[in-house]
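Shared between the two complexes below is chain A, which pairs with chain B and chain C, respectively.
== the complex of A and B ==
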């Protein structure tokens, strides 16, 4: 994308960077914000899903006769009775049926849906549906899936053009450069690492409603990508995009889990079939069965010279995905490609990454998008080498970080930040090298994530007759603060106070297209679109001022025009112009990333998101319990559009990372059933698990492609937590553990067996 | 369920409410669906996440674990009534000022739990705040700013 607007001489001052409070905050602290589940739809029927208590099964029959007699039950649809004309859906390959037809392919895949007058009646009806089924052996691990002669998870007919259709491999990606086999290393570190199956666990469970209308259909979903969902529904129903309206209230947390359609197509089909609006609110247990992060197993060999210089990286990584592709193709490719080298200069890299189908909960995006799984082994290897070579881990990393502007991946943009500054800041903040009491240890780690390689964001800014403004931007504000930074950009560009600006999102009928809310893109892509729309408004105000006052008009600073020797704010110009004959000024702006077929990912990243995480922990060797004294995150964000919001994102990313590092994992039995569904048995960090000190810092050199030099933020904080903590455990106890999470049991076993 | 409606009378945020409820209806469902007070949120439905926290007869409760029929005769404060409480408005402001609100889905339950904490301990230490809010899950913030927000609202009202 072009940097032209980002560096066009507008100095960053005033409201840009200032830690103004979250826009949308007041209605969240008083409970009046209406999330999707808070919207009441007249005449709605409530639905419940029917699923089976096993990982995989053949469905013989579904008997709905008793359930249909239950009070309040209005309709039941089973996969068995779906007409063959009903399409499958999916964000990439359309491989997923709206209900299981002949076979369930994972624990929790619905076989039927019951619609009733109340939630209670729907639940009673769902319990009365009788499914005659035969439990089948399933594929639940990478080893099962790749074993010779393994049963196929997915019917080859669902991907007729895939070279891998007769296997459980979605695809294999091979990336790299240099010549690993002929590279000469003094030290080769070789290990296996695992990353657990865990879930996004947004506090808002998945909730949907669909309402057929006289002119089309309205879908309510707390989706991260309203326009993507609109397209999926339009294709599924053979309707024009203009007839499909997606209303997407701000999600109550998403973290990647709410990127793509799940049960919206099912509700749309049934709502049209019976001519009633439908609503579905998943339980938290069902939400756990609707989305998870992709688990992974890596085998990695890393070569070093005696002086610590990295010589080669040789990685084989298998990402275990669910029974349907969802967005796994993109996730495995992008995650493994960038992670192979991390933020380091490595002359020889070889990556072999696979997506592997299994009969497990559908895997999808989660914060970090495939990178935490890769960053975990890569960074642990560096610490292992540091120990073997007797080199300080900070110095070893320093030695291998590329200089600003240095090409470190041959087909990608050069290093776009002063990453040594990021590492040094992290080391200083954790007190690296200072003496520690016994039982304590420190660890430090880096993380790199490619910014977005695709993008298409469009914004409209309306400057109203009274000088206030409405910004239309199709990003989803799921807590990252997109409303706040767009308000700040518009306030700066139009010379308005934030209170005079309203940001409208989440309704495809009125808000222009945004490709998606992901990959830490929204400050950069939609931010630039909003900025350009504001400048389009400014140009028009300038013309309007010249015309109205019949004098030459010049923009002298954002939001101020000089006309006939007098300075006037946009506000004054608008009021003067539109006091009698009403009207407004409408500006538009866009930002895109173009397809590049020469690049392994079909697009070069808009920026790099680089982070340093440093921790100080204490381990009780008798119990394996770990206490977190301090966790520091340092993120290179180019320019913080709102310094507090950046720190809020890094705080949150760090504690999510701490979750998969020390406690979060699905426990699956040998029948493929997840045994710890829900908040009681699956633990995420609480106030009692967080570090005594949580510190989030950033590096700002104004060198990003976004407004005023911003880069993306919000995912970096999660990348490097696990390796930093593992290094700290090793420093405190001498035990190096390569399986996540680092539970007290694993630590105790490492120390006592 | 048919026919078994139970009459209840309770005070919600200072207003007397009379209704007839089915025996299985939870207090959370009654608040959200009958009274249209949707500030209390449903997440886990088993008393683990705290998103539905309200103050009932002076005690913080998970409304998902209480039947509406059991709440007969009680005095209830939900997030919608918080600003009239001794620390309510101050907590709401410090949550905003400290950056303790991201997606906001846990926030209503969190500020109500904080209100209960400060009512019973006006000058808590950070450890006491952590313990007091340990029944409220947040997936966005990492909690540190929430603890700071409660510290900021503490002290004599």
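== the complex of A and C ==
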């Protein structure tokens, strides 16, 4: 690693990059960490939701009389009883009611909520609520939704200004460049691909509490975007932001599923209505009905020259979303825009992407944000061309990768990394081209995700009178290690040991604004804000030193000032200055990226997250059972601020990617019910399912926009797993499967039926 | 709704009296790894839970009588798996018990519970069936012993009367050479329920018995009458034909775990492997004698 920092000119031989252990790690392991569910609120009532065992229904009436008589039950609210003045909510369009009013629009949409003294009493009460309803046919697939004359999932009145309000299409996005129709290709590969309906599956189920206070309301939620939730609640209740306090302890996993409000508005409304604090902890089964990743179907045509040069990419992709928009507009646009091309130089690209409403579990963000769905067909096409043209898949990809600094999407920044290095590293680590025992196969794939396009992160750093420091940063540490990385930045900039630094997050009353914790943004955006806040502190310490010692002061290295020829640490300066009347130095910093209306996504990405995944697998052809011998991920992270954390992000992304690649999927019946809610029949990889060898490598050229040249690193690991595995299965068995997940049964069917 | 009655009797007689009092409304709590999960999800709503962990005369011992072994109702999977003599004599049962749930679950789950829960996919049941196990039951009208084969009536339903407790399981002695094996198919490598499972035993007289799980409403036991399965010298086609004749007795369905067609096909694939391992173990047994 180079010690010279291209970005700032300072050295970071010390703490930056070092694999220091996770701040908060031991507490998560020994059980002392306080999650939302561990917070005790005096006088709280426990709630349970009432839902119906069907995909869609008309609600005739809700009879709560028997349930209200049950011991411990204090209040019940049904959608039928909601005053018309109660607003709907949503992160983009406010289209979602806090309870189903006349109709349930998906399996698990609550029709009522029961508040009681205990969880058990609430559950008993919920079971005693009698709902008179008529089951209705629903829209559960892309085909159903787009069929002529299909029933409308969403009431047009909920989106009066949409050109698509009389259809089940949320919106259509058309992106591209060049001229696909007149492009001449020697080989055209044309296929259909599907990506399953799956869920984020955070180990911590969705848990909330709401407490009305004398001066406003406090909402407890393991939310990724505390400030976003604060705004949603403020608008929902017509309160000023300053009166809405969101306390967001670090989530026990989130993966995008905890970005946006779900049941916080419902609890807030009921808590204010009955004047009691409320808490709600969803079961794992209910959590499956609260959030999922957007499923997708793609039809794709890809043109190549005989020598492997990519000529055109022509994609139509339908993302099946739930009955409410949530963040789907952004997800479909951003996912399809960059995924259409991938990290390749393609002169002609045409993308048609749709978000399609259905009566299914609400779809929302998940690691990769629409990209895994798109990268799956795009990369499989390249492998198919390699097979058809007789060109090695690594060489075919190499041929089409842009050089560093080359413009490969006309309206976007040029390639910001040495991506051939990423691919080469992956190929070398997997032993590409070396002989394999029979039954085994290798596959390799790349992936590209646009970094955040807009953003706003603010940080405050307080250097205390004893030389220790508190960092206030509104990011959510959901397992990615944001606390650790900010600790490292502050430790470096202020010349302190990490033990002297405390990072405070997750309380909108004291912590400044962060737009959101998503899009692999936090190391870059909040990282820069923290860095700038530290440098603001340093500048003030310098001034303060000059004033206090009455001599010229100059910062000679981070955390050290030279005054009148003497070197003093910040610690010494603070102690000297604040020995009598106490005090502290407060620095602030921010990082913003503004809206750009001229860009198709209203903003150019801050960086590209580019990855390579390579696998070696073995298939038991008689059963379809697969064994992963080795998996390699390579991430171009610019600069790894903490090499251990980057590796853990990539390992985690790869394992999570194996989930949707080989086992994870919702099974729905023809009544729109999810048949495998919960952990028993919705399988995710266990440690026994992880590759026998799992290797995460980095490319570090210090060429990112974040602190010390960092780029984001949270999502790359998941992008390229599926196509790499499918290629490996094809190499091992001869069967190319274009429908995920590649379960043993599906592989067996491909080989035997 | 009436309140739930929780009882923790200390004698078998008291336990049976409570079971008799509540009838089908009572549920027996042993390891609790099936019951508590379903109870919390309100999939079962018992009037009484009868916790038998403190019942003095419910044994947690593995008792040998010559070559016959009796396993008490309180014996957990972990204990069974670690028992050296069980490991030597009944590797198929050990292999099956080792696949039940996770380590934590096996520390609680009992062999008796795995039987009484009557899941069609219970992993320990096929080896017990091929070993010809019997179960001992005690009820208000006395005690009885019945073969495990025939004990299962439907998913979740056994021939145990509401006022009876299964107190032990007995595996009869087997003349050597004897070989048995267990096999299963799952959706993932880690903790999982079986999409299909099976056991096969080949006895001293070269009689071959298979028991299949998760391919019908109850585990089923089938005996090979062709003679082709114990014989190393028959052709693959003859062996497969004999296996298919046994598999024809199953009735797999399609569900979220597997399709009927996949299950049927895997019965043959896993059947061949399990048979081969049983043959090998029998041959090794021969060699040792």
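Throughout what follows, the second predicted complex is superposed on the first by the 747 of 753 C-alpha atoms of A that agree within 3 Å, B and C clash if a C-alpha of one lies under 4 Å from a C-alpha of the other, contacts with A are read in each partner's own complex, and residues count from 1 in each chain.
We adopt the following convention: a residue touches a chain if its C-beta (ideal position, glycine included) is under 8 Å from a C-beta of that chain, and two chains touch if they have at least 3 such contacts.
Computed from a prediction, not measured in an experiment: that's the story for all the values here.
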**OP:** For A:90, decide between first (touching chain B), second (touching chain C), both and neither.
**Re:** neither
Original post:
So, does A:686 touch the first partner chain B, the second partner chain C, both, or neither?
Top reply: both
**OP:** In the overlay, answer first, second, both or neither for which of chain B and chain C A:559 touches.
**Re:** neither
**OP:** Identify the partner contact of A:38: answer first if only chain B is touched, second if only chain C is, both if each is, neither if none is.
**Re:** first
Subject >> Touching partner for A:24 - first (chain B), second (chain C), both, neither >> reply: first
Original post:
Touching A:368 in the superposition: chain B (first), chain C (second), both, neither?
Top reply: neither
Subject >> Partner with the higher number of touched chain A residues, chain C or chain B >> reply: B
Original post:
With the two structures laid over each other on chain A, which partner does A:70 touch: chain B (first), chain C (second), both, or neither?
Top reply: second
Original post:
Just chain B (first), just chain C (second), both, or neither: which does A:467 touch?
Top reply: neither
Original post:
If you stack the two complexes on chain A, which partner ends up touching A:127: first (chain B), second (chain C), both, or neither?
Top reply: second
Subject >> chain C-contacting residues of chain A that also contact chain B >> reply: 283, 680, 685-688
Subject >> In the complex with chain A, residue positions of chain C that touch it >> reply: 1, 41-42, 185, 187-193, 256-259, 261-262, 265-266, 269-270
**OP:** Sort out for me which residues of chain B touch chain A in the complex.
**Re:** 1-2, 22, 24-25, 29, 32, 36-46, 48-49, 51, 78-80, 82-83, 91-92, 95-97, 99, 101-108, 111, 129-131, 133-147
Original post:
Within the complex, which stretch of chain A touches chain B?
Top reply: 19, 21-22, 24-26, 28-35, 37-38, 40, 71, 119-120, 200-205, 250-255, 281, 283-284, 478-481, 644-645, 647-648, 651-652, 654-656, 678-680, 684-688, 690, 694
Original post:
Inside the complex, what are the residues of chain A that reach chain C?
Top reply: 70, 123-124, 127-128, 283, 285, 622-623, 625, 627, 662-663, 667, 675-676, 680-681, 683, 685-689, 743-745, 748-749, 752-753
